[in-house]
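In the two assemblies presented below, chain A is common to both, partnered first by chain B and then by chain C.
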Partner chain A sequence: MRGWLSPIAIITAATAAYFGGPFLRFAAVYILGWSLAVFGAWLLLRYGLVNFGIGASYALGAYAAGLIYKYLHTADLAVHLLAAVGAAGAWGALNGAVGIKTRGIYYSLLSLSLSMVLYGVLVKFYTVTGGSDGLYMPDPRLLGVRIGTAGLLALAALLAAAWAALGEVFGRSYAGHVAAGIKINELRTSALGADVGRHILISSVLASIAAGLGGLIVGYSTSHVSPDFAYWVTSGKMVVGGLIASFLPWTWGFVASAALYQAVELYSLQFAYPELVVGGLLLAILAAWRLYYRR
Partner chain B sequence: MSLRKSFGGVKAVDGVSMDVEEGERLAVVGPNGSGKTTLINLLSGLLKPDSGDIYFKGIRVTNKPLHARVKLGIARSFQLPSLYQGLTVRQNAAIAVSALRGFSLRPVDEEDVRDALERFGLWEKRDLPVGSLSEGEKKILDIALAVVARPKVLLLDEPTSSVAEENKFELMEFVVGRLKGVSLVIVEHDLDIVEAFADRVAVMHSGRITAVVPPGEVRRMAV
Partner chain C sequence: MAGFAISFLISFYVFFLNILMTSLGMAFTYGVTRILNLAQGTFFVLGGYLASVFAWQIGLAFGIAAAAAASLAFGPLFYLYVKALGRTELEQLFATYALLLIGEGLFKLVFGNGNYTTASLADGLGSVEVLGQQVPYSYLWGGAVAAALLALMYLLLARTRAGLYMRAVRDDAEMASALGINVREVGLSASALGILITAASGAASSMWQAFTLGLSGQILVYAFASLVVGGIGDLLGVVAASAVISAVRTAAVFLYPQLELVAIYLVVIAVLLTRPSGLFARHARLA
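So, the complex of A and B:
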């Protein structure tokens, strides 16, 4: 039963948001989409990997759908989902393969570099990607019918619930224990028989797919995707979200973390220097993180 | 066979050839810096030799990584217990059990964890953080984690180092008694331990094996 608590909590929160009016519906879709990218960052943090390029996966999920709409003129949700999973999964495999040999700050900088290469491609290939203007994202259709905001909220909630369920399973699984082992003492884990590279590769793909689906949802919610999705600052925000989620005792913490971050960012917009408010939050989180691990 | 490993200009292992019989306990002795730990690192796959080959049951394992050798049946413990600090004894064992399963999302089998700890008398301590264990218990847990893989050869790197003098024999008796049928390569400084527990002794000096003798003759070699 305990394993179902996170998915149930997410579905319940999304249902409450549905009855909360148009703004809450929009905010819930945005937060749930963002939370999937946070899940990706959180999953990699379980291995001790700080991925400052997770935004690239987030962007690819949305761009895959945007490009399909632009060139194939289809807004079919199933096609978009498959494309987002394929593009983000392939990027995750590339990241995982490149990152297998690197750890710590080297892994972080490598993932950041790769994402900024993608960012450059998205900005410079104007004729294909729309450059810095980005691409239009259509209202998705399921069996030819527009799913609308309610359908998008349901889709976002189901995806977040599914990843939360995966997180629950992962935490108690053989793979989850190996992740903890790799984070604390990688050499020992390898000496116990774990193929560390394989574990990291598979988790990179899973994390990237989660982030890609998140990008797709956010793109749908704003009807737009731009290279900013892949910008390293976006990735940094996701990593902070992942850090907050890792403090929280529930697997659905990645959704709570996304909600907290988005609320603070929204709140900060009323000030002349919103970055200071968000920056203050980040510093407070880092301080809490240091205290947590020292304890 | 004729293993060589250098670090810069230092020949840590310089043409070592040796074999270990099934179920045999081979001790490797020698002064500090003689290459004992480097030899263990080469055999376990932690280091790659500059030249030479390693065979296990007729299979060339020279280029196989650490984890692949564990699956074949070569496991190791560490000179300083290599445990997961901050976790409990049970969580340490759960990681060892999980390490052999590939990327599996199935829940950890608690029976396997219990078996791993009970075999070495650590089940009662399962909820203690590993940092609170005595040095001897840490050594035993380190070996218990390695044994989860059911190795055919276990490489023990100074299993009694940092253990109180009066507890060394007890610890070795306890460990060796639970590893019947497993070939052991024991790097050890304490000649009393070597005499009591080894079947053969390889003496290393400056990266070479200078003699392989019965345990009763090891003191004469040392003199």
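So, the complex of A and C:
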């Protein structure tokens, strides 16, 4: 029962952030958006799949909206959401369909290569995609009205809460048990009657949609999307976020780990050598995990 | 036409050398230790930085040699670091990713934001004219370094007892251990060698490559590409794969430059889907 408190906790936290001033509002939108991409990485990790190309879905969600604004001149939120879900879902289906043939590091390298193909297209076909400058992301409108920061925060919180609820359902469902089975022993799970390929395909699509929606939110919050969204380092951060989330026992772990990672990254920027701070923290997390695990 | 062919060949050779040098050490390390090292590019960049600093003090050749020698200590440290922190593949990825970030931070701390290269010293080596095109000697020396490293690795693996142990550990670490091989020691020496090779390649590459922040990550994805195509851990496969990737990429640059990056990864995807254990694998590895 306690798991169902997750969506409520997320919405409560977002509400609190709303009253915390403009900076917290912005940070909350960013973190909630980014956490959806972490959810995608986390979901695939449940199957033992390390997706180093989840950033491609993240980029597609934002680019879908940016391109629609650039060419069709509409900032309608519903259109953008549909486009983001469609683009990211199709990408997830592609990733799942080709990923079914590979496992382990081959899967990681395949997903990385797929995302680098998208990255290459985004960077090099600059007349269409804006190249390395990226694209402008408009303020989204719902029924012609700008939703503003408050609306964006509400949207981010609702989406994160919805995915937390989905995570809760997933954890209890047949699919969740199959995921654990695939991670431990794929052959045996398959022999017990589960259609491994179908499970991986569907979870790829879901993970990709989550990441795509996340990219859309983050793009809105910064009014900008660039090919860096699809670069493998971006995906790497999300995988790290997903790993931290999988160390955490709660359904809202993906939001907690996204908040942790982004907070540390933000904090690190006040130093001249931010990478040292983030790297050192990751090391500390890993060391703590190893100590806990040994017991 | 001859001019076009020769400039194509030179471009091909230069990128071939680049990608080969980034992936040689990684293929070696992964082959024996099974550690997929996200920080391998960091050691390549370290070699380049050190060579650029040393070369101005003690000359080009000595500078490159000194940079390689200085990085020898990092191999065992790296192995111990990863083995202490990561038992599973996921934990190892996490640990080496943290190392990649820490490396970037340290480079910024020590070397700052500048470009580091020995290109201006390498220019002093002069160039040779091939069918009307100037080919700098630095590339030929780079090729010689790569060939020497390959020959050394081959001799080590195929002709010595230590190499025999490494091949045994590569094929089946558990079985090797049961037969009395100290897998830990073999892993230590293999990662030391792999990192030495990587750093030496980076040092030699400084003759044409400018080293700067953010390069570690860029290098890494090229190395991944060549590893996948050649079959992970297969040395000759990596050489052939570098040639294939360079040929495709150079053709893309000459015919349709927008596809430069995309072409490389399309090759990788095609190989992963058709021959997941690499184009040149003699026997497919299970799981």
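Here is the rule we go by: the second predicted complex is superposed on the first by the 282 of 295 C-alpha atoms of A that agree within 3 Å, B and C clash if a C-alpha of one lies under 4 Å from a C-alpha of the other, contacts with A are read in each partner's own complex, and residues count from 1 in each chain.
The rule is short, and it goes like this: contacts are C-beta pairs under 8 Å (C-beta built on N, C-alpha and C of every residue); 3 or more make two chains touch, one makes a residue touch a chain.
Note that the structure is a prediction, hence the values are computed from the model and not measured.
Visitor: Give one word, clash or fit, describing how chain B and chain C relate on chain A after superposing.
Guide: Once both complexes are aligned on chain A, chain B and chain C fit side by side.
Visitor: A:Leu159 in the overlay: touching chain B, chain C, both, or neither? Say first, second, both or neither.
Guide: Touch status of A:Leu159: no partner.
Visitor: When the two structures are overlaid on chain A, which partner does A:Met137 contact: first (chain B), second (chain C), both, or neither?
Guide: In the superposed model, A:Met137 contacts neither chain B nor chain C.
Visitor: Touch test for A:Ala13: chain B only (first), chain C only (second), both, or neither?
Guide: Touch status of A:Ala13: no partner.
Visitor: Have a look and say if chain B or chain C is in touch with more residues of chain A.
Guide: Counted on chain A, the partner with more touching residues turns out to be C.
Visitor: So after the superposition, what angle do chain B and chain C open up at chain A's Cα centre, nearest 10 degrees?
Guide: 80
Visitor: Applying the touch criterion given at the start, work out whether A:Arg188 contacts chain B, chain C, both or neither, answering first, second, both or neither.
Guide: A:Arg188: touches chain B, not chain C.
Visitor: Could you tell me if A:Gly280 is touching chain B, chain C, both of them or neither one (first, second, both, neither)?
Guide: A:Gly280 contacts chain C only, not chain B.
Visitor: Given the touch rule stated above, what does A:Leu67 touch, chain B (first), chain C (second), both, or neither?
Guide: neither
Visitor: If you take every C-alpha pair with one atom in chain B and one in chain C, what is the shortest distance in Å after superposing?
Guide: Superposed on chain A, the two chains' closest C-alpha atoms are separated by 11 Å.
Visitor: Taking the touch rule as given, give the residues of chain B at its contact with chain A in the complex, in rising order.
Guide: 44, 46, 65-68, 70-71, 75-76, 78, 82-87, 91, 94-108, 145-146, 148-149
Visitor: Could you list, by residue number, the parts of chain A that touch chain B in their complex?
Guide: 166, 169-170, 172-178, 180-181, 184-185, 187-196, 198-199, 202-203
Visitor: For the complex, which residues does chain A have touching chain C?
Guide: The contact residues of chain A facing chain C are 45, 50, 98, 101-106, 108-110, 112-114, 116-117, 119-121, 123-125, 232-233, 236, 239-240, 243, 272-280, 282-283, 286-287, 289-290.
Visitor: Which part of chain C faces chain A closely enough to touch in the complex?
Guide: Going through chain C, the ones touching chain A are 36, 38, 84-87, 89-91, 93-95, 97-106, 108-109, 217, 221, 224-225, 227-228, 232, 257-262, 264-266, 268-269, 272-273, 276, 287.
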